[in-house]
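Listed after this line are the structures, all set down as structure tokens.
In what comes next, chain A is part of two complexes: it sits with chain B in the first one and with chain C in the second one.
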Partner chain A sequence: MDAQDLLHRTSFIELGARSRARQLLDDGSFRELIDPFERIVSPWLARQGIVAQADDGVVVAKGTLGGQPAVVLAIEGAFQGGSMGEVSAAKIAGALELAAQDNRKGVPTRALIVFETGGVRLQEANLGLAGIAEIHAAIVDLRRYQPVVGIAAGTVGCYGGMSIAAGLCSYLIVTRETRIGLNGPAVIEQEAGVAEFDSRDRPLIWSLTGGEQRYRTGLADALVEDDVDQIRSEAINCFRKGRPPACRSECVSRFLHRLAQFDPAAQVTAEQVARIYGEGFEA
Partner chain B sequence: MERIALEFDAAPPAQGRSLAGVVGSGDLEVLMEPNTRARTVVNITTSVDGFRNVWEAVLTRMLGQGDLPAVRIEINDFGATPGVVRMRIAQAFEALAATPGV
Partner chain C sequence: MNAREPSARGATWLAALTHGAPLRSGFPPSVRVADAKLDRHAARYIAVVPDPANPYARARNGEVGLVEAWQIARAVRDVVDADRKRGEKRAIVAIVDVTSQAYGRFEEAYGIHQALAGAADAYAAARLEGHPVIGLIVGRAMSGAFLAHGYQANRLIALSDPQVTVHAMSKESAARVTQRTVAELEALTASIAPMAYDIESYASLGLLWKLLKLARPDAPTPADLYEVEQALIGAYEDIRHDASRSLAGRLSAGGRAASVRVREKLRAQWN
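Our next item is the complex of A and B:
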């Protein structure tokens, strides 16, 4: 890696959710909806002795992206692991629903979701899960009109129900630093034993669930450096490409066909996954 | 979790509002808005119980002179050290000065 290049770029990972949203949108177009001063906070956390954040960990920003109307939904990974509670999930689902409504009225609002999340917020259990289901439905609705682009930059990664949301996106942009998985390593180890998955084995975790591997195996569409400019231009590029012929979730049977080629009795290696998934998902 | 409310004399009310920090490990969120009278009111929610006198000491050192503009400060703390607390509050005052009338 070129040291000069590293010094001159602006890290995306090091930015908080609000700065990420501001940097992604066209200069000066950032306008926040349901901002922290409206104090739409989680009604459940304080009752459980947990300090709430004024924006519940989600930034909803309207503006333009590449000159087109856009909404950025950025999750703050530092607050409660970017978990989805009643309010934070409703902010994302509501904004996506409004973007779809815009499209039905002829305004081509596009949506960009910045995933930095462990999934549902356990303290808000069912309400968070219901909210995540609404996010899923809203992505599937909106992507009929416009690509829905997801970014998983790290370092929290993208897990649980929100990894499904990432999978539903028309395009998914990842960095090497991120990880995407339905269950986190610690959960797999706890439920299936250390022989199944060693949550302390970081090379194993990144080799199977890291951004680079997700890109190699066709589960992500673009692999970028941790660089604001590169991530922003890749997002614009995704929107320029328009809707893909078929979203990943519309090719389930092809994924199942590939999945059937694995022997569940043996620990798979990153190379095996890359080889089998690398054959593509054609019927 | 503990809630602490403090008040200080202040200069005439500020213009605009500002935000600094996140409710993340070792950090805090500071929301700053103008007050309607020449007093600064601080409402703290902290995850760490039993540190009221430390909060009083830190904030008195920052706001006790009464020369900063009157604001309403909301602090949502997740175990920040006094140094981080001072830095975030200073950052919020600085952002306030940079965006008058917003």
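Our next item is the complex of A and C:
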């Protein structure tokens, strides 16, 4: 990208969840469900001395995308690390469930999920986990009718149970700035020791789990610049392609085949993963 | 019992419920798969068990690692594929005693999140295809490991026992992430049910179909085995008589008022 491009683009990452959702949907079509004025807040945070947020960190927005009915589920990384509590997870799962119901009635509603999340909100632990299981269930259901597209763009990244949700999406769009992983570096360090994973070693973290590496290794479908227009047009492009012949999470035998190609006792490098996974997973 | 000590419960209950049926070959030692009857019906039973010789060092204590997750997916999808044209879809029983997901650099680099998605997807697909899927929690059901192995089941059954626990993260890690001491965390779990580690608190959230109190969960007596089998049969029948293949049954028990309210509001505002 040259300087001229930089001047003309609008950063997606710098936007909050609400603006992201608005920018993704067709002009003027944004309509928020359960907006902050309804104050459906977490019933669990206040009693732990934590200030709740009026939208619980998730924006549910209906509208159109490329002229088709769509719902955008945008997670706000600035509130509690984009973590999933009872309300925030129910907003995502509930909206996906309604989108699937639309499709069963002949309305081709599609869903776009903007991941910016550390996973389960530990202050609501088991209700976050249960909610995430319902998000997984809803993605797998809706995906039978329409592609479910995930975007991981920002620096909070996409972790925990929500990285599994990203792994269930029909298509996943990433930027260089983001990371996708199951276990956050600090948790691996806590559970397995600093020699296993040094949570302060940012180059290591990005080289193995950053958006570019995930794209290079076939664990994401599109690598985009931090640019609203580019991200939006890539999302529209994914929906135009329609449902893939098989989603990544369905390519069981190919992944097992790839896993058999390396020595788990050897030190892992980004190049090694790219070499083995770079051959793809489709059956 | 130390939280890190390998548990034999998964293996014990798989052997008991399948009455010693041979394990399916072609799976690694950490993933046990056996086919046996559930009442009069054919069923597949799947458990993840500790394997001290696991070539993946971070998956030796009953964790769900890269290979375990993809092999669970295979064990489930084989049944779905084989039954595609059958009227009566086989039951699938996930016997849950999983320490955690595997925590490692290797695992992250090779996309353990994608592997767990593969397993969760397989169970969800089986459920949507009409297979009765039952999660039987006999030990630990931790975090990503439980999401991959059991949480997509139509019905969840757990043993009421101090070693049975469902949670998102170990106490030590949860304390670090939330910037609390373990003592502060434990004080909060006493009053905030979703944060608690005991199975009775979990049951109060309405996520379990049944909670069973047994005499000897580590070495089941004939009466213990009978009670679990009856519960599995009951769950099987309940699923068969339910037109829904969704997880909606987990919302109706009363422990998740906000989850229900959010859905009602979304429905009212949807169109």
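Here is the rule we go by: the second predicted complex is superposed on the first by the 280 of 283 C-alpha atoms of A that agree within 3 Å, B and C clash if a C-alpha of one lies under 4 Å from a C-alpha of the other, contacts with A are read in each partner's own complex, and residues count from 1 in each chain.
Assume contacts are C-beta pairs under 8 Å (C-beta built on N, C-alpha and C of every residue); 3 or more make two chains touch, one makes a residue touch a chain.
All values reported here derive from a predicted model rather than from experimental measurement.
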Three-chain arrangement built on chain A, chain B and chain C clash or fit: fit
Which superposed partner A:Ala46 touches (first chain B, second chain C, both, neither): first
Which superposed partner A:Ala78 touches (first chain B, second chain C, both, neither): first
Broader residue contact with chain A after superposition on the shared chain, chain B or chain C: C
Partner chain in contact with A:Cys238 - chain B first, chain C second, else both or neither: neither
Degrees between the directions from chain A toward chain B and toward chain C, using C-alpha centres, nearest 10: 110
Which of chain B and chain C A:Leu208 touches, first, second, both or neither: second
First (chain B), second (chain C), both or neither touched by A:Leu142: neither
Minimum C-alpha spacing, chains overlaid - chain B and chain C, in Å: 14
Interfacial residue positions of chain B with respect to chain A in the complex: 1, 17, 19, 22-25, 27, 29, 31, 33, 45-47, 74, 76-78
Residues of chain C defined as touching chain A within the complex: 55-58, 66-67, 70-71, 73-74, 77, 100-101, 103-118, 120-122, 124-125, 127-128, 143-144, 146-148, 151-152, 166-170, 172-174, 176-178, 188, 191-196, 202, 205, 207, 246-247, 250, 256-259, 261-263, 265-267, 269-270
Residue ranges of chain A in contact with chain C within the complex: 33-34, 38, 40, 42-44, 47-48, 60, 62, 86-87, 89-91, 94-95, 97-98, 119-120, 122-134, 136-137, 140-141, 144, 160-161, 163-168, 180-184, 186-188, 190-192, 196-197, 208-209, 214, 217, 219, 247-253, 255-256, 259, 264-265, 268, 270, 273, 277
In the complex with chain B, residue positions of chain A that touch it: 16, 18, 36-37, 46, 49-54, 76, 78-80
